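For reference, the structures are reproduced in the following blocks.
One chain, chain A, appears in both complexes that follow, with chain B as partner in the first and chain C in the second.
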Partner chain A sequence: MEQPDPTIHQPVRLKIMAALKPLPAGEALEFVRLKAVVGATEGNLGAHITTLEQAGYVGVEKDFVGKRPRTRVSMTPQGRRAFDAYVGYLQDIIGAAG
Partner chain B sequence: MEQPDPTIHQPVRLKIMAALKPLPAGEALEFVRLKAVVGATEGNLGAHITTLEQAGYVGVEKDFVGKRPRTRVSMTPQGRRAFDAYVGYLQDIIGAAG
Partner chain C sequence: MSLSSQEASASLQQVEEASRRSSQLYFYHCSSPHLIMWGIIWIIGYGGTGLFPRYGWWLWLGLIVIGSVGGIVLGHRYKRDGYASSPYAWRMGALWAIILFFVFGTYAILPPHLDKQFCAFPALITGCAYMAIGLWRGLRYVISGMVVATLTLVGYYFIEPIFFWFAAVGGGAMILTGLWFRTA
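Let's look at the complex of A and B:
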């Protein structure tokens, strides 16, 4: 791997993936919760989630709780593999830096 | 720190800093050696070194060995502090991802 996966290396997307990774497989995080953790604007977060979704790294579910629309985001198995590879790449570089 | 230091987070600059960090303080790496380690083109590497130099993170020395021009690059104390903070930030994010 010559460079870190650009889909994950972008700072906001890195935070999104790091926030989703600890969740058990298939479990999702509500958009509003992710927004608080990542500290991005709604539009910015939405755009980066779409990028991750198009890459196959996250899944997005939209439903209603009563009358309130709800959006939940979860990491896909492919996303987990990509994030593990990304972390391994960074640890190689940073590890070598001692 | 809300996001990783963009001066370091850029993939080529990250590799440059990681290559320089293990060197004893003040010791420098020749441009051609850095080029091999980082795997960037001469122009690309030169541009990123200039960015790091302008940020105060690296120092650049140019001299001659006989008739051959030589360029050497070393990390500044400020660069070491910035890189340590950058690594700490990433480890927090990646560490939290478990």
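Let's look at the complex of A and C:
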């Protein structure tokens, strides 16, 4: 069986990708909502998002709503393919065992 | 680096849970402005009908048009704010169209005999629709629907004047629901 993608093969990053997957293509999730879904601290979440961004799996946009800064994270097409492949890898393991 | 089937199964469960939660929050976020807008429309509609009962039908006709156009405008505004699309926006608009079609279709087949029947029916249907949506989309919708439906029945049986009750309770509940969804 092939090896899993090391970038996604980490619990917090897997949750980040899972949270972004159901959004329509190009749609972004605000950092605060992502934090609520993943259940990580801000610093930890930020570090993992950076790792995913460097791998080209997510895009990060920063802007202001009024005077309030807003960070939004979206999944790139490359990230979508990588996540689907990773989920396929997990399903293969379960299928092989069953 | 390979995983056991138990670990793989646990990871997939985490994936499903995170996806479900994210999808739920996104839906709340998309539906919030529509609920606030329709809450305002309800206040104007029921309040106006209470003040000027002869013009109730015309008032509601105008408000439905405004609500439909407003739904489209909100969808575009959502896009303008940097979101790629608003896939649930048109569904929310379509949901309202279905509810209104059902309500007016029912009025045509079974005309209401009392003002309070005219008033309570759309509110009751709306509450039930919220509860039904909540079965798939989250507890907040179920709670909001139960509140609207229960207050509708309370108003129908115990409150006079009924139009102002529905303006305050129906419209107010929708606005509060929209604000509550914003915090999700």
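Methods note: the second predicted complex is superposed on the first by the 97 of 98 C-alpha atoms of A that agree within 3 Å, B and C clash if a C-alpha of one lies under 4 Å from a C-alpha of the other, contacts with A are read in each partner's own complex, and residues count from 1 in each chain.
The rule is short, and it goes like this: a residue touches a chain if its C-beta (ideal position, glycine included) is under 8 Å from a C-beta of that chain, and two chains touch if they have at least 3 such contacts.
Since the model is a prediction, treat every value here as computed from it, not as a measurement.
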Q. Who does A:A36 touch here: chain B (first), chain C (second), both, or neither?
A. second
Per residue count on chain A, the busier partner among chain B and chain C is C
Inset, instruction - Would you sort A:G46 into first (chain B), second (chain C), both or neither based on which partner it touches? - result: neither
I'd like to know which partner A:E27 touches here: chain B for first, chain C for second, both or neither.
second
For this session: Would you sort A:A18 into first (chain B), second (chain C), both or neither based on which partner it touches?
Result: both
On chain A, the footprints of chain B and chain C overlap at residues 3-4, 6, 9, 11, 14-15, 18-19, 21-22, 87, 90-91, 93-94, 96-98
Listed in rising order, chain B residues that touch chain A in their complex are 2-4, 6, 9, 11-12, 14-15, 17-19, 21-22, 39, 83, 87, 90-91, 93-94, 96-98
In the complex, chain A touches chain C at residues 1, 3-4, 6, 9, 11, 14-15, 18-29, 33-34, 36-38, 61, 63, 65, 72, 74, 87, 90-91, 93-94, 96-98
Note: in the complex, chain C contacts chain A through residues 1-5, 8-9, 11-12, 14-19, 21-23, 25-26, 29, 81-85, 87, 184
